Amino acid sequence: VESKQLNKGKIFNDPVYGFISVNDDLLFDIIEHPYFQRLRRIKQLGLTHMVYPGALHTRFHHAMGAMFLMGEAIEVLRSKGNEITDEEAQAVNIAILLHDIGHGPYSHALENCIVYDLSHELLSRIFMDRLNEHFKGKLHLAIEIFRNKYRKKFLHQLVSSQLDVDRLDYLKRDSFFTGVSEGVISTERIIKMMNVVNDNLVIEAKGIYSIEKFIIARRLMYWQVYLHKTVLAAEYLLVKILQRARSLADKKVKLFCTHALQEFLYHKHSVLDFEKKPSLLNTFSKLDDYDIFTSVKEWSNHPDLILSTLCSNLVNRHLFHTELQNRPFSEKQIGEMRKKVTAKIKCRMSDASYFVFSGKVENFAYSIQDAKINILLKDGSTLDIAEASDQLDVSALTKTVTKYFLCCPKNLF
Amino acid sequence: VESKQLNKGKIFNDPVYGFISVNDDLLFDIIEHPYFQRLRRIKQLGLTHMVYPGALHTRFHHAMGAMFLMGEAIEVLRSKGNEITDEEAQAVNIAILLHDIGHGPYSHALENCIVYDLSHELLSRIFMDRLNEHFKGKLHLAIEIFRNKYRKKFLHQLVSSQLDVDRLDYLKRDSFFTGVSEGVISTERIIKMMNVVNDNLVIEAKGIYSIEKFIIARRLMYWQVYLHKTVLAAEYLLVKILQRARSLADKKVKLFCTHALQEFLYHKHSVLDFEKKPSLLNTFSKLDDYDIFTSVKEWSNHPDLILSTLCSNLVNRHLFHTELQNRPFSEKQIGEMRKKVTAKIKCRMSDASYFVFSGKVENFAYSIQDAKINILLKDGSTLDIAEASDQLDVSALTKTVTKYFLCCPKNLF
Amino acid sequence: VESKQLNKGKIFNDPVYGFISVNDDLLFDIIEHPYFQRLRRIKQLGLTHMVYPGALHTRFHHAMGAMFLMGEAIEVLRSKGNEITDEEAQAVNIAILLHDIGHGPYSHALENCIVYDLSHELLSRIFMDRLNEHFKGKLHLAIEIFRNKYRKKFLHQLVSSQLDVDRLDYLKRDSFFTGVSEGVISTERIIKMMNVVNDNLVIEAKGIYSIEKFIIARRLMYWQVYLHKTVLAAEYLLVKILQRARSLADKKVKLFCTHALQEFLYHKHSVLDFEKKPSLLNTFSKLDDYDIFTSVKEWSNHPDLILSTLCSNLVNRHLFHTELQNRPFSEKQIGEMRKKVTAKIKCRMSDASYFVFSGKVENFAYSIQDAKINILLKDGSTLDIAEASDQLDVSALTKTVTKYFLCCPKNLF
Amino acid sequence: VESKQLNKGKIFNDPVYGFISVNDDLLFDIIEHPYFQRLRRIKQLGLTHMVYPGALHTRFHHAMGAMFLMGEAIEVLRSKGNEITDEEAQAVNIAILLHDIGHGPYSHALENCIVYDLSHELLSRIFMDRLNEHFKGKLHLAIEIFRNKYRKKFLHQLVSSQLDVDRLDYLKRDSFFTGVSEGVISTERIIKMMNVVNDNLVIEAKGIYSIEKFIIARRLMYWQVYLHKTVLAAEYLLVKILQRARSLADKKVKLFCTHALQEFLYHKHSVLDFEKKPSLLNTFSKLDDYDIFTSVKEWSNHPDLILSTLCSNLVNRHLFHTELQNRPFSEKQIGEMRKKVTAKIKCRMSDASYFVFSGKVENFAYSIQDAKINILLKDGSTLDIAEASDQLDVSALTKTVTKYFLCCPKNLF
């Protein structure tokens, strides 16, 4: 009884929206759960703060913000006569709150070094099922909506589509904390234009320019922030560190580790292991940014020169030089650089790939395969934004833009 | 001597940039001149405040803001090694300060009712020449830059091109005061990317996404604000009012008028008149929003029913219903509506065009004819943004978008 | 039927709060009424824009903003278990919408030149009663609340007290448009802290620092904006103009006037006249900033030299020099300056008071007489902020600060 | 040579000011030094993010911001004719950049558990001297200014006084990231009002209201953020954890530790040690938030129940219940609560103080002992703000406000 009173009207401070109120006890109890609280220790943008020093905001804050926008969207849709029951509203709020629960620390970097056939999406499902057990089945509807099994499809689209509240929040929040003011979108205006037609989330016609701007702003954030070449340099440096650590761990070399990191660095866990051994999820849930970065700091004194060099480079922000171009880098060019590196750093040719490597990044502004952004015209019909816009050329819009990067030590160029 | 001290460090408050400092005596004296002070009484966006109630900012404030951005641009360009002498800096500041000096009140509506073969550009020139006389030739260089006669072309481009500080300020300022947050552009980021190559203003390559966003934001402001159909309805209502007033004036019907409005409503002045009779410019300089709107208010009691109906509609915000479509409205449709109007309002068919009329508005996001926006690539070459961007399709970008509108009384549809 | 549909979900753009929705038909119809629409043509801050060029916002916008905050307050109070019926909510919204309906143009300047024993408060009542007739008694409850006759006193306190939504909006709005960022208050945080105890509006204890800051911000806005000496100079110049115009009108001298201004300049109407002659209110409702300023512009060519000098000074922003000090200016000092003026401007000594005059302005941060700001302590008791704050000393807080000003032509000092 | 080119025009992104440019090579090299880069891993506000989730900004970002404001202040002071040579400008920039270099992680919590007779001020001096050696004496003037040994005292006041750019930045930055908008101060306006009189930094008279607001805003931030009772609960929980860890370390109990933390947890280093053993500063410089919080996470599984309980409480945000009052809590009350705790947690009475404890926090708005805030009156004289303000009562202002807190487990009350 007392706890209920405590929960009532719980308010979170948020520099982006002012205040985020949580008036639902179940929602509040989920937020209080250690599985969710761990998101307080996982930065939304990994190592981006090395380029944008303000970008330290966490997945916790993003999930709370997305839930705030969901509340706004529910209010708008209801005011336009679309039925959303209280139970559905609670469920869709839970679904958005937990949409990223499966993310580990620096997940873009870690997904292939720490966990294997386990995407963060899959881990999210495992977390949700476990929480559903814990909360005695009360998350059932939320999970149905999340997996798009529920009959009202528009609820899923609010959680996951090309115009979901997830994107609306992260673009706005990432803009705010990076200071890239051009990424700012008017979430309020977009949400005001939402409606539902034939069980599909649509945007009313006069919102078309806002949507165009949303697509362009998202694209800008991709190239200016998410795929910024120095951000890539930092993230790939961490990938290389973890690859090296893993290869040492495979050879049973001792490495400073927290208990949780030890479990995942010295074993190769697959989804089956999570099913067989329920405690494994608990161990995974202990992993956060602190485990990884503390280890990196300690490893900068490790006897393995490759590991220690990579680590002290990251700690002291001696990031790779990165070239970005529209075509792949030739094997020959990469090979020559690696040769130079072996001379300079005195490592074997087989280890030169820790210091000189290439890869690619891709981005498209808008996908025609995924759940589309539908514009509700005045005559009641709907049209894909790619067709409704007379500015954004459909072929340009949906074309995947691929850029190739080459990372190498700074003094090599 | 004393006045110099007074001038020093004169600061203007501006909610957009915080403070605007004017440290140059000549600039300050121009600002103090009645020709410039009159811009305090001419709203930047005419009747837009009828839809966006905050949009009451003046041409004075915009000119000051553009001058502020010019100062930022000069600082950036100089810091990159481009020579701009103090004399040139003063001149280019004067040029931007006076770039819109020729605007009359509600100029989009008035340009064909009050002055005739006189565009605001032409009037700006006349004002500048007169001020140059007054200030004993000290505006000579500013005028040369304004007219693109000066050898350093990039100075003119700062004043007038597709990425001049005029546009940078008005987009940002109009966004601010309308509250259309999506029009917000990062003027600071764009200016930081400016440079000069071969006497051409260019934007450094990493600013490409900001430029894309600038173009899209500008487009958004066009359709969401400048060409908003209710804004059009208000402005065309004022056009119709002035047409009617003019036709009555031509018949020597007496109309409430200020002295200055009288001069231009009862005579048809051309550019020659301004040359022959220097005092005419002074009379023109007395005209501002107050003259026009006060007359409209008074005319709402005028015995001419067409005039009084139109006027009281504007005063009480009974604006036309406006339809917008991609093809012209048929003569037949317009004719039928006019017939209905004559029945309803009891006017002659020949006067029905005051209440039912059609027209078109055009907009293009980017022009390939005008001074281009050049992107400075890493290899030192430059490329038109239309080609440099892999998103903004050149054909879509430069295509003129034409929309046709039909205005008619609200209860007619 | 159709009009109802039109009204539904009517949205106003506002750069301060984003959007202001009006979902109530009666509210919307009141907004549409010419009596309310006229507030679109009356600037909230009179001539303040002469110092803060952005301060052009209108009483219309302020009333809409205050209504927005009222909606927020109602939601917060209801969520804390305080009953506010739908009828009461509508009424308190109407009350705040109309709280300033009686203001004329530049009302601080005009209140003693245009209307006599008629404060804007009294005129507000007259307007409300007339609107109540027009809307067939539907404003009855709103008027009761406005006049503090309704049994739930806290509703009146929301409309009018030392922490009403009127002040919350105007401080925030005036800060926004002047650009004096220090006046910014967190309306959201203050409203979140509102509650009702014993039918009194209270602020919960943890809001105490916000209230302190609100009081200091209000004080800052007073001295920095509302009583800024150049703003005073402009407003008193207008007072002098209208005094002169009135004295000429009393002598039947012909003056350019709109129909509405004529009525009030050439007659001396008292409250009785408004009762006897209902059309007088309509005439008054035609008066707005346009009538006054257009006349000032025209009068700058009037044969009466005193009038024309004063008027062209205002139009060209040649404002008085203003001295501000803590004690009255001596009669001797004023007399000497007037003597100088007669020599300089060649006017009679009896008219020198148009150019050299003194007066006083007063301000107190917080009144202990007026409806107090009550803080709700944790133990359930309430305390006046003046006692609850350990910072703001009660004697300093409630002391009236009086400053004396002396205005004279600039070149006289 | 190449590195110089690289340094030129280095720009840092900052959501608070937009961009922070560093055009000086020495400044840039100091920023690049590992001693300074470590500030990227030390949060400005320690555990405040547990209450204000956005408050994750670092001491690095604050130091950069303060340097930005220093640049603004230098420009303003120079423009008013105060001489600041280029060498002095560089030095004062270095001084502000390094003013907090001695801070360790969670320094408020750690200052008495990890380092002993070593305040962060003392450590700052040690760091500066070491950096001065490294940069071959180039920091000499900066250190003189920092220690107030330089003849131009106003330069020191810019770095450290009651209105230094340190405070201006941290108030603004902390407001921004916490979202407590009421803490926002207008740094721009305050800096514009700065001047120097008799080698003292002063604020021009018309800035008095801004200063009043600055003092009130600072006070508000103290009680609303810095001394927020849940923030205190979190910080004192960390203090108790480190006290317990230290007492276990003293008994040679093994604890998970990074290399750097080990050094300071298992030894008691004093200032003498830093002098005798230069490498100790390097070891200290490895310590950051990651070392501490990772250990706390690991210790939550430590066999010592007191340590593990405290740690898992912090990790899962089960913070103490905190009472705040104006008088001390009685020994009796505390004793009784400790008894309850021993029963509940099953610890010895001697260990109950880890779970139930009291203390006090103090704050004063303005100090009359410290370097005063001087107001420059129009007659050229200066006055302490405490006397110049007619609002802020001097006795109230300078009174130390003391509050007593009592922390205990939540379910105990």
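Every chain is named by a letter (A, B, C and D) in the order it is written, and numbering of its residues begins at 1.
Just so we're on the same page, contacts are C-beta pairs under 8 Å (C-beta built on N, C-alpha and C of every residue); 3 or more make two chains touch, one makes a residue touch a chain.
Everything quoted here is computed from the prediction, not taken from an experiment.
K.L.:
Please identify the chain with the largest separation between its CA centroid and the CA centroid of chain A.
P.N.:
Relative to chain A, the chain with the farthest C-alpha centre is C.
K.L.:
Between C-D and A-D, which chain pair shares more contacting C-beta pairs?
P.N.:
A-D
K.L.:
At what distance in angstrom does the C-alpha mean of chain D lie from that of chain C?
P.N.:
Measuring from centre to centre gives 44 Å for this pair.
K.L.:
Determine the centre-to-centre distance between chain B and chain D, using the mean Cα coordinates as centres, and give it in whole Å.
P.N.:
50
K.L.:
How far is the middle of chain A from the middle of chain D, if each middle is the mean of its Cα atoms, in Å?
P.N.:
Centres of chain A and chain D (C-alpha means) sit 32 Å apart.
K.L.:
In chain A, what residues contact two or more other chains?
P.N.:
Counting only residues that touch two or more other chains, chain A contributes 18, 180-181, 189.
K.L.:
Taking the touch definition from the header, please name the shape of the chain graph: line, ring, star, complete or other.
P.N.:
complete
K.L.:
Once bound in the complex, which stretches of chain B touch chain D?
P.N.:
9, 11, 18-19, 23, 79-80, 188-189, 192
K.L.:
In the complex formed with chain A, which residues of chain B make contact?
P.N.:
180-182, 184-186, 189, 209-210, 212-213, 216-217, 219-220, 223-224, 365, 390-393, 395-397, 399, 401
K.L.:
Enumerate the contact residues on chain A facing chain D in the complex.
P.N.:
That would be residues 12-16, 18, 32, 34, 37, 40-41, 49-54, 56-58, 60-61, 64, 176-181, 256, 258-259, 286, 288, 290-291, 293-294, 297-298, 301, 315-317 of chain A.
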